[in-house]
Amino acid sequence: MTEPALPDILEAALLAAGRPLNLDDFAALFAETDCPDHDTLQRALAELANRFEQRPCELREVATGYRLQVKACYSPWLTHLFEERPGRYSRALMETLAIIAYRQPVTRGEIEEIRGVAVSSSITRTLQERAWIRVVGHKEVPGRPELLATTPDFLDHFNLKSLADLPPLQEFITQLELEKKPSSPHVDQTPTPSTHPNQQKNPPAPG
Amino acid sequence: MTEPALPDILEAALLAAGRPLNLDDFAALFAETDCPDHDTLQRALAELANRFEQRPCELREVATGYRLQVKACYSPWLTHLFEERPGRYSRALMETLAIIAYRQPVTRGEIEEIRGVAVSSSITRTLQERAWIRVVGHKEVPGRPELLATTPDFLDHFNLKSLADLPPLQEFITQLELEKKPSSPHVDQTPTPSTHPNQQKNPPAPG
Amino acid sequence: MNQQPSPPASDQPPDPAQPSACALVNGTPYRELPEDLYIPPDALEVFLETFEGPLDLLLYLIRRQNLSILDIPVADITRQYLTYIGMMTELRMELAAEYLLMAAILAEIKSRMLLPKPAESPQEAEDPRAELVRRLHEYERFKQAAETLEALPQCGRDYFQTTVDTGAITVQKVYPAIELEDLLAAFRAVLRNSERLSHHSIQREPLSVRERMSSILARLGNQTRIPFTHLFERHEGRQGVVVSFLAILELARERLIRIVQDEPLGHVWVLAPGGGAAHD
């Protein structure tokens, strides 16, 4: 078969390299005796750039050299290639969010006091990225800690019109008290696991 | 701008993915409502393959899907791109790999019987690290030795679509039987089930 | 492409004058290990190490003399084989037990070949070499298969995967889904674990007051100061006014806002705590 044309060799190199290539890199593809000079290379690159106009990738010159990149207009399709399967949020994140929702505006220190453990900054960052919480001010105490509150996006996501649509705190507290003080002491004494175990472990959702 | 044509979208995805894509991967690029069916995708892929004929890369179907690869005729130039030459693998490693490929699933003991020497654990480790082989089960004999088989990545690396595409094993045994003992069942009597010629012709499909 | 990784001796025509050359170093046959070490010992070692095991060594010995595996001159081959083993031992190379086992097998075959064949039932008299021949064939097939495999196009050597930059592609982030019930369950867990919380006064603070506190703070983030009256929405009615008022009082109590009046009977302003004094 005939020897490939210069622009083809350059295209092959750009496709295989996976990194930007500069003129010296291109020159290094060739044996010293038949190495094209920089002018020739540049003309070949110009031809290549032309050739790509109708194709899904384009030749771009960046700081470290030339590279091929997929055109931005393919984003709507290619985004699906790179999306990661969404994971699950950690319990720590969910609890932090719940405390912010019910206790807002609240500082990180106050959340830590309630949960008894430190709130990692990755949790608040995640919640802020999702635009569910925001900083609404600073508490005027030493260190001026940020005051965190929920956003309208948070309400939208959970289909709430306002925070008042969240079940009132009192409901939780009443439930917890029921859990803690079983109405009949018999239940504790007789070891019959069948006695309302479900209720105790998973209190029903508040109406 | 107008919406890109289907082959262009597929080309963009193949260029961007950096791994082989199968028909399901292609389908996943689209919203459910305007997802082309497999026939349409396959026609677009055929068009794409045509389009590449004059270009430095080609569309190839390997075990895990379709991928674009730079044509082999460019390798004289491209080897200069990479500082590290791809390491040649030792004969011991290639022989072990060949036995696993043609005899799978196979135990380490069976490999040792064929090669006449112990299989060093560094060889199986290297093969597993490269994701060319994996343990697919255990043989129900004393010690429950691991059964080794090749992976789709192995096929991908060697540019194969399935194990059936492996070059056929030489049939020395048949020749021996014909020359030496044309009508005698001796070879069959030797209690080595692995030498049955039929088995050797058709390596099992990957699991 | 199809390089023979086997020792270089194979391209040497068999010389009947010296059938038992024990090694070839740079093409020169040596019948015995020279005492004066003209050959660098390393070179010989490398040569011997090219064998992948006893079967490989045997195959080499057979192929070197263009012999058929089917008709091995066992006596000859055994002698040559033992010479190699001897060299390896002399060089104190680590000798795998398999080499010695093969020596034993060869010796056994040799002795059985010497025995007269039983006259009756010639069909069952198996050639003592048959099993070795089978193993040699079997090994040779895979030795060749390994070479064929090695010669197949390989990624990064013969063909190259394409990778282009995807920096221009914007990726939408997909977030985990959570339901309100998940959130409430998390909150129940918090309350269950936090005795302290239930003793606090929060249980008496209606949620709407805290929400209003957040929204007032958020507005102060944008505006730095807001006329007090603007914090009340007429359409919310009396209850809304009460909620806003309680929120303002609570914020002031927690020193999250300042309430100032520049002049008697003038506008009352609500300020972010760090904000400067209000003036028109």
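Labels A, B and C are assigned to the chains in the order they are written; within every chain, residues are numbered from 1.
Basically, a residue touches a chain if its C-beta (ideal position, glycine included) is under 8 Å from a C-beta of that chain, and two chains touch if they have at least 3 such contacts.
Fair warning: this is a prediction, and the values are worked out from it, not measured in the lab.
Any chain bridging subunit A and subunit C, meaning touching each of them, is among B; the list is complete. Each chain's centre was taken as the mean of its CA atoms, and the one lying most distant from subunit C is A. In terms of Cα centroid distance from the overall Cα mean, chain C ranks first. For this pair, subunit A with subunit C, the centres built from the Cα atoms lie 25 Å apart.
Inter-chain centre distance (subunit B to subunit C, centres taken as mean C-alpha positions): 18 Å. Centre-to-centre spacing of subunit A and subunit B amounts to 36 Å, using the average Cα coordinate of each chain. In subunit C, the residues that reach two or more other chains under the touch definition are 160-164, 166, 169. Looking at subunit A, residues 12, 15-17, 57, 68, 70-71, 74, 78 sit in touch with two or more other chains. Here subunit B touches subunit A in the complex through residues 1, 4, 8-9, 11-13, 15-17, 25, 28-30, 55-57, 68, 70-71, 73-74, 77-78, 80-81, going by the rule given at the top.
Residues 5, 52-56, 70, 96, 98, 102, 123, 126-127, 130-131, 133-135, 137-150, 152-164, 166, 169 of subunit C are the ones that touch subunit B when the two sit in their complex.
Taken in their complex, subunit C has these residues touching subunit A: 160-194, 196-198, 202-203, 206-208, 210-211, 213-215, 217-218, 220-221, 254-256, 272-274.
Those residues of subunit B that touch subunit C in the shared complex are 14-16, 18, 57, 67-72, 74-75, 78-79, 82, 86, 88-89, 91-92, 94-95, 97-99, 101-102, 114-118, 156-160, 166-167, 169-170, 172-173, 176, 179-180, 184, 186-187, 190, 192, 195, 200.
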